[in-house]
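One structure coming up, written as structure tokens, with questions to follow.
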Amino acid sequence: MVQFFIDNFPLLRDAFLKTLELSVLAGLLALVLGTLLAAFRVSPILPLRGLATFYVETFRNTPLTVVFFFIIFGLPQIDFAVGFFTGAVLAVGLYTAAFVCEAVRSGINAVPPGQAEAARALGLTFGQSLREVVLPQAFRTVIPPLGNVLIAMVKNTSIAAGFAVTELTASLQRLSNANGGEILLVLLAVVAGYMLITLPAAYVVSRVERRVAILR
Amino acid sequence: MRITRPFAALAAMATAGAVLAGCSSDAGNQAEDAADDGAAAVATDASFEAGTTMADLNEAGAITIGTKYDQPGFGLLNPTTKAPEGFDVEMGKLIAGKLGIPEDKITWTETVSANRESFIQNGQVDLVIATYTINDKRKEVVDFAGPYYEAGQDIMVAKGNPLGIEGPDDLAGKNVCSVEGSTPAENIRTNYPEATLTLFDVYSKCADALTNGQVDAVTTDNVILTGLVAGNKEGFELVGNPFTEEPYGIGLAKGDQPFRDFVNDTLEESFDDGSWADAWDATAGAISGQEAPEPPTIDRY
Amino acid sequence: MSAPVLFDLPGPKARARIRIATVIGSLLVLAVIAFVLVRLGRNGQLDPQRWSVLFDPNSGVPQALWEALLRTLRVAAVGMVFATLLGLLLAVGRLSDHRPVRIAVTAVIEFFRAIPLLVVIFALYFVLPGLGIRLSAYAALTGGLVLYNMAVLAEIFRAGILSVDRGQSEAAYGIGLRKSQVMRLVLLPQAVRRMLPVLVAQLVVLLKDSSLGFIIGYFELLRQARSLVEFFTPRFGNQYTFQLYVAAGLIYIIVNVLLSQLAKYIEHRSRRSPKAAATHAVVLPDTPSVTGQTSI
């Protein structure tokens, strides 16, 4: 058993780092794009609102596997081939952005209307009142749900295993095939890898949640 | 209003569908043309020594066979008939026939590379005929009849072989596609470490990646590649230089010597009376356009 | 739409600006769509023959996709029922007064929330047989969906139960109901009513997740689409690949949008219903967190 871990440590470590890297990059993409989409969804310009709504509804209702398929094999059909890892970051990031958008939007809606009204009364523009007044407050209340979205995203990166990214789940498939007898060990190692990311993240989220709750 | 919008979209799609249904598709026409092939002979008078697996199966009049559902030419699910088709499937029908079991009493179960041994060990299937390479590691947990076919790992490249790949040694520095956890992938990883491996979960994705130029080559058993080349003769070609030996065997429960002998006898008989070659011509041969090869020698280890 | 809070009702100048932005925005969107269509057309993906396979009964495709959709819906429906029941049980357990129960239930919930569903399904199908427990692909997929979603739903129910006005349970205790009665007769009915839209939203998630059945070869919609692609490949190459996956994607979107509309409709109705009055005015202590959890 010890021998098994010594033999396969490099693979498991690399796979873990791949999952982490994919999660961080996709998470950043999702946060930036999701916030932008949320701003679109509350903006006065109709096509932007429509576009953001369409985006969110499409991505929210499509399985991530299908999104992956279109990024990896659909984009080449419009002559935009991307690398497999880049494709995975795009797929997970674009998909998660829809959920980030919804979380941020519910946060914006949770900010008391008086805040926005006051900002407007001071003569701030839409962009200013959103940037200076509403979003900072919204972000505080959306940290818990946002955290949950990002934790779910870490778990969703497992789908990249089917699309040429050797992350944790791919290593599970590889090792379980090569080590029929030790499949349980392989499973434990991979589960531990995910927990190493998700459990601390969940802890941070619940801490922040508690603090925000007191502040309110 | 909100609720009606999706319905409007549905209606629009239904209209588009109705228009398109007017045209016919190549796939639909082909399916119409397909004629069914002859059924394997069923030995109605088969009798076996009591207590053997053969007697049990003959008594029950039914058998469960595991095969692959995604290997063109060997075991591929037909969406219309909902049954798998291919050379492996024909082998299964031959054996079932000798047991006095007609085709419609065979229960087909999808086995994938990762669960073939456990399906046999747990008794979930009576036989596994699933492009299943005989090797010593697997012999520790299951027994093999056969081989009934000798495959070998080969390489598929884009038409015209622009990179001049003639064998596994030319894969150094190239991007090679295969399936995660498969033996061919493992072989490349250990013996040709200079090649860059791109690993999907199915070979059809590898073929797409090769079409799109996302990988330089695809490697696995030649019979699987033949199926992929057949679908896109303008796009792919086979290097045709097999560099491993993959004898395909029929997996069955470890230690069931009488059953293994029976399957081996059945295979040898089919080699001699031509039904093996007929099965080849109707399935893998029909796809690749290749004549039936010489049958392999049964290995009664 | 109610009066916007984030921007003033635009004056003439702003209206002109917005109009210009609207035109430019629309043009951009149209340009992107046109670009995609042109590129697709150039690669031959818009050939009617390639799309008609989806509607041509002779190809077996429409029937196969329809049956696969039914299998997907069946897994989702069965999974949802069991996940809801177990989720309720876990939620109640997590609010239990007994510390060991609380700890055990919390551990179960947190465990299944921490690992990917794909890994759970994989374990049920490939690892359990090694321990002598055999599951069919259908059972393994449904089981995975249940285990994963019951944990998520438990958290939703917990938030829902906590959201019921404290006066309700106090009053219930006041008229002499036992603990289990308070939960069963007073808290749960109100919490579930409040949670109905979120439940349907979770059903959408579960339906999407059923596509993970591909890893164990359960023939749900996506696996069926792939199988069709593989079946056509030896004879037609990748002619139909793009079309079949687009079809599968669209079917998911349509079914899920319909379900989401159902959720909105239920929310709308339950808001009008006088029976929901007790939870009506109550602000969920962590509403965003509830919706956040369910969304993926």
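As written, the chains take the letters A, B and C, and residue 1 is the first residue of each chain.
Assume a residue touches a chain if its C-beta (ideal position, glycine included) is under 8 Å from a C-beta of that chain, and two chains touch if they have at least 3 such contacts.
Small disclaimer: the values here were computed from a predicted structure and weren't measured.
Considering only which chains touch which, how would you classify the arrangement: line, ring, star, complete or other?
complete
Based on mean C-alpha positions, which chain is nearest the centroid of every protein C-alpha shown?
C
May I ask which two chains are joined by the most contacting C-beta pairs?
A-C
Report the inter-chain centroid distance for chain A and chain B in whole angstrom, where each centroid is the mean of the CA atoms.
So the centroids are 38 Å from each other.
Taking the mean of the C-alpha atoms as each chain's centre, how many Å separate chain A from chain C?
Whole-Å distance between the two chain centres: 16.
What parts of chain A, by residue number, touch at least two of the other chains?
73, 161-162, 173, 176
Touching at least two other chains at once: which residues of chain C meet that condition?
Only 126, 130, 214-215, 241, 257 qualify.
Mind pulling the residue numbers of chain B that touch at least two other chains?
In chain B, 114, 118, 201, 208 touch at least two other chains.
What does chain B use to touch chain A in their complex?
113-114, 117-118, 141, 177, 180-182, 186, 198-201, 205, 208-209, 212-214
Which residues of chain C touch chain B once you look at their complex with the stated criterion?
48-61, 63-64, 125-126, 129-130, 134, 137, 214-217, 224, 226-241, 250, 254, 257-258, 261, 264-265
Any idea which chain A residues touch chain C in the complex?
These residues of chain A touch chain C: 42, 44-48, 51, 57-58, 60-66, 69-70, 73-74, 77-79, 96, 99, 102-103, 106-107, 110, 113, 116-117, 120, 126, 129-130, 134, 141-142, 144-149, 151-153, 155-159, 161-162, 169, 172-173, 176, 183-184, 187, 190-191, 194-195, 198-199, 202, 209, 213.
Which residues of chain A touch chain B once you look at their complex with the stated criterion?
Touch residues, chain A against chain B: 72-73, 76, 81, 84, 161-164, 166, 170, 173-174, 176-178, 180.
Show me the residue ranges of chain C that touch chain A in the complex, using the header's touch definition.
So the residues of chain C touching chain A come out as 4-8, 10, 14, 18, 21-22, 25-26, 29, 35-36, 39-40, 43, 45, 110, 113-119, 122-123, 126-127, 130-131, 204, 208-209, 211-212, 214-215, 222, 241-242, 245, 248-249, 252-253, 256-257, 260, 285-289, 291-293, 295-296.
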